[in-house]
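Which chain is which? They are A, B and C, in the order written, and residues in each are numbered from 1.
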Amino acid sequence: MKKVLALILALSMALALAACGGGGETQETGNAGNTNTGTAENTNTATGDNIIKIGVFEPLTGDSASGGNKEYLGMQYANSVTPTVEVGGVEYTVQLVPSDNGSDTSKAITAASQLVSENVALVLGSYGSGVSIAASDTFKNAGLAAIGVTCTNPNVTAGNDHYFRICFLDPFQGTVLANFAMDEFGATTAYCLGEQGNEYDQGLIAFFEQAFTAAGGTVIKDSFPKNNSDFTSYLNKAMDEGADVIFTPVSIAYATQIMSQAATVGVDVPMLGSDTLDDNKVLEATQGTDLQLYVSTFYQEGGDPDFDAGIKEYINTNADAMTANGGDDTIAAVTAMGYDAYYVALAAIQAAGSVDPADIKAALWDVEYDGVSGHIAFDDENGDAIRDTAYIKTANTTDNVWELKTVQTVAE
Amino acid sequence: MDYAISVLLSGVSVGGQYALIAIGYTMVYGILRLINFAHGDVFMAAGLMMIYLSASMPLYVALPAAIILTVVLGFAIERVAYKPLRSAPRMSVMISAIGVSYLLQNTATYVTGGQPMNYPTIPGLSSVVEIGGARVTWVTVITPFLVIVLVVALTQLINQTKVGMAMRAVAKDFETSQLMGIKINTVISIAFIIGSLLAAVGSMLYFTNYPYVTPTAGAMPGLKAFVAAVFGGIGSIPGAVIGAFIIGICENIIKALPFDGATNFVDAFTFVLLIVILVAKPTGLFGEKATDKV
Amino acid sequence: MLQEKKSRTGAVVGLIFAAVMLLLVIVLENTLDLPSGHVLYSVLKKGAVYSLVAVSMNLLNGFTGLFSLGQAGFMLLGAYTYAILTVPSDARDAVYYLFGGSAINFSLQEVFGALFGNSGAGGAVSLVLGVLLAMILGGLVAAFFAWLIGLPVLRLRSDYLAIATLGFAEIIRAVFQWQALGPITNGANMIIRFPNFSNFNITNADGEVVLYLSSFVPLFIATVCIILIVMLINSSYGRAFKAIREDEIAAEAMGINLAKHKMLSFCISAFFAGVGGALFAMFAGNAQAMVYTSNMTYEILLIVVIGGIGSVSGSVIATFLYVACSEWWLRFLDSTQAFSSPTEPTRIFFIVLFAVAVVGGALMLIRRRRRKGEPFWKEVIVWVIAAVLMAWWVWFIVTGALTIPFARTGFRMVVFSIIIMIVVLFFRRGIMGDKELTDVMARLAKRRAVRKAGKEAEQ
């Protein structure tokens, strides 16, 4: 009797979930999307035939959740500003369909195929290169175009014609940071610390090393295991070996730990970080300390005052957005990039003049767009953004804000 | 020189924090023969509760409140997830522990939204002190002493009091002690309460040093502490503590080795050490002769 | 409680069932109007891979009684062996870009290509042979390492063995992440661009797919491997394994060589875990050491226990339910769900489901308490909780609220872990216990026959 009852329960549950999961009628307004805002009402009243779906493939949980949520936030804000797009004289309501890849390359495939099942027109994301590479084939087989927002590893776009990206690449970023360390601090010894087995960390360290040793410097490399919290021995080692800079291109969760422990250990040399460290949690960790933290990134607050004011208002009036942004209204570069990615997607849809994924993919190659983070155009080879500038920011540890240090370019 | 001191100090401090978690593992294992996989996550939950409590009340209220809530959590986990399975196969209980661990981690992700949460500063503990030229926090210095005090108190409790005697009896023989009139459910609950209490204290020390709490923050200390418990001979409290200190210190020495790539094997070394010890002495350093009850 | 020998009809029924399911998958994949890469196919593929690994773990944990937690490590070995041996040589420079190319400059399918040709039917043959050989080698490498580690650790008692094998998996992972081995393992970077399941789709000259086989292939390989494992379990070796599980001393007294049989079970389990790892690499399209963590082992252990320790069909069923539930069916909980109107079918469905779950759950708990004669206050607690939930339910209907409460990022996994806890607590022997699907079907058929006979007798 018990077994039968349980079986009925399980069956009805499975059916219900299949119905909900597969049913197209249910409206998904996203995690930070508040049903009281205009967007949700729009989607609710819209008739079913004039909706175009854009997939959002982001790590909303896991190690990179902090960055993924912020990037998604930029897209949601853009969606609330421009909720419709005109395709061939017909107005379509844009609906963002999020799918959480959990910062995990083994979960990325099903998350990506979830987007394919939702019949999205194209995909934005992901924050984090590993998950993007893992999901690449799924999008390819489904004929979808994907726009990488802040995945900087070369292998995301190399050798395929469906993955695009709007940010700079790691070889560029590594060179920028190496040059910056040499020019600005006259550094000759650099200590590099990355997560063991993390493609992003180790790749960036390798590129940094190439540029740094080519210019006559020496590099000491170390790695820490996953879920490690104690960095004091590493930092003490860096100090003991006489490093002139410490380079830590790591995930936000580790970066916060490293910064707070660097303050304890009394690190008095500059700390260098990559785009992942441009996050208000990391900034918060340096608050009230003597650390000199420099990060390379895509956007500096103040670059576009209208955007800044708009998104700050959006964050401050929406509790979910505030949580997604980590509890304050500091604008992360990834948010600006997410915002730009949304508009690049709209531009591609308009250029294609169709909602067919194949047309959008073909149209993307020629899309040009002037975003808040600068001019965006794709090269003809891999679909990478043509970008030659990186912003170097430094943490102002007394006022808890990022300050623009310099704009660095690299002559090829 | 001061570099060597700082490495050693980090090792002792990390070891002390592992020790506090390892005691929880070893006590539960000694009594129930259960690897309590959820223990590391209780430790993480203690950190998160402290963060949310201290946001809404002063520290001197939040601190004891967090400890009490952690104890309640540990007690509730035992009652809800382990007690109903007492007659079930051992594998089921262990799976239940893994399930609880999943639940705690996922709930933490849901509540925090995946953001690393900043642990509040406890005045005094996180201020910096210089020892032999190495800069460390006070908590680093205090930890080993606190651990020793707690372990002495605990061994007194186990060796001198009636409850302790009951615990030893249950650990020796589950069924017979039941026949002798020992309320085993109470004894098991007490083991969980002590374990959670130490995990709560441990989390305060740990997160004062490493002040960001993520949903997986308990996973690695939990695993290391368990390895420490096995290393020292599971079921033996002094063994767990010594094992924890050895692992903490070894780990930090490897982090400091000047060979290129040595740091790649920080965790791996811990496990190599474990396998070597287990092969040489299958019950761990201080383990009793196997009283196998399978 | 050794089971009596399985009837031959059970095996035949099982084989026919598997064959029909495989055929069904081919037909469905080619006729269903779903985009390639639909989550249904992903779940099928991942389910196939995980079910093989789960059954291999069950062979060890369920049938031999050796508690090992090294499965992720063996999968890693299989995945890397497969990946390293099958990356096409012209893609190697791009894949190993950080290390200036790979130390190994051939791929198995090219070796066979030299024999059978690289295009058309010859290309297909060399692809299949290359992939198969790489997969088997992956299994063998895993089995070899299992043998190495098994020599010292198999002497250990249950939990010590578990923690030692878990440690072994972590050590292997660290070795493969070592940048110094980069020219072989690609260090921290993924190995990509090796043949994966979609390479098995049959295309015509224009590159259009004529026959989709990408879901069939993993299911077929997993089925073959599982059948091999079942044959092993039903052989004299299998009976020796079960004897060891029930009582080591008695088994030894009966003349079973403990060390030999334990090692055999350990290596065979590792072999199939290695093949499973190769399949997982094909499913994921990449091989990266970071994925094969102890969490993966725990996941598989959960599946084995939920399916029933010592039940092969239980493991398979549990795998598909687990994968589909965690990665597909519950995904809608990750974002705010707004229904378009109070009378929308999905909303009504949600309301009915909620009521069934609450009332059914409460009734089950109360029946349990009464049967066991536990104190009355427990029943009161159930009543109160059920009443609160139903009060919310009434409120939800009356106000016509349009969103599922609490649903936002991460809620899916919370609900999923609660479901797991419920299964673990209330079905402590798993879905199937130690029975097989064929046993259950046979019993049902027998019961029906008895009932029918009874009815006839009444008339």
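Here is the rule we go by: a residue touches a chain if its C-beta (ideal position, glycine included) is under 8 Å from a C-beta of that chain, and two chains touch if they have at least 3 such contacts.
Just so it is clear, the model here is predicted, and its values are computed rather than measured.
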item	value
Chain-level touch network, classified as line, ring, star, complete or other	complete
Pair of chains joined by the greatest number of C-beta pairs in contact	A-C
Distance from chain B to chain A - Cα centre to Cα centre, in angstrom	35
Separation of chain A from chain C, taking each centre as the mean of its C-alpha atoms, in whole Å	31
Touching two or more other chains - residue numbers and ranges from chain C	173-174, 177, 179, 408-410, 413
Residue numbers of chain A (touch at least two other chains)	60-61, 69, 196, 221, 223, 225-226
Residue numbers of chain B (touch at least two other chains)	109, 113-114, 260-261, 264, 267
Residue numbers on chain C that touch chain B, as the complex places them	61, 67, 152-153, 155-160, 162-164, 166-168, 170-171, 173-175, 177-180, 294, 298, 301-302, 305-306, 309, 408-411, 413-414, 416-418, 420-421, 424-425, 428-429
Residues of chain A touching chain C in the complex	2, 5-6, 9, 12-14, 16-21, 23, 25-31, 33, 35, 40, 43-44, 60-61, 69, 98-100, 104-107, 109-114, 116-117, 119, 130, 133-134, 136-139, 141-143, 154-155, 158-159, 196-199, 201-203, 206, 221, 223, 225-226, 320
Residues of chain A touching chain B in the complex	59-63, 65-66, 68-69, 196, 220-230, 232-234, 236-237, 239-241, 252-253, 256-257, 260-261, 264-266, 281, 284-285, 323-324, 326-327
Interfacial residue positions of chain C with respect to chain A in the complex	34-43, 46, 91, 94, 97-98, 173-174, 176-177, 179, 187-190, 192-193, 196, 198, 280, 283-286, 288-291, 293, 296, 321, 323, 325, 327-332, 334-340, 344-346, 349-350, 353, 356-357, 360-361, 364, 367, 402-403, 408-410, 412-413, 426-427
Chain B residues within the chain C interface of the complex	29, 33, 35, 37, 80-81, 84-85, 88-89, 91-92, 95-96, 98-100, 102-103, 106-107, 109-110, 113-114, 223, 226-227, 230, 234, 260-261, 264-265, 267-268, 270-272, 274-275, 278-279, 282-283, 290, 292, 294
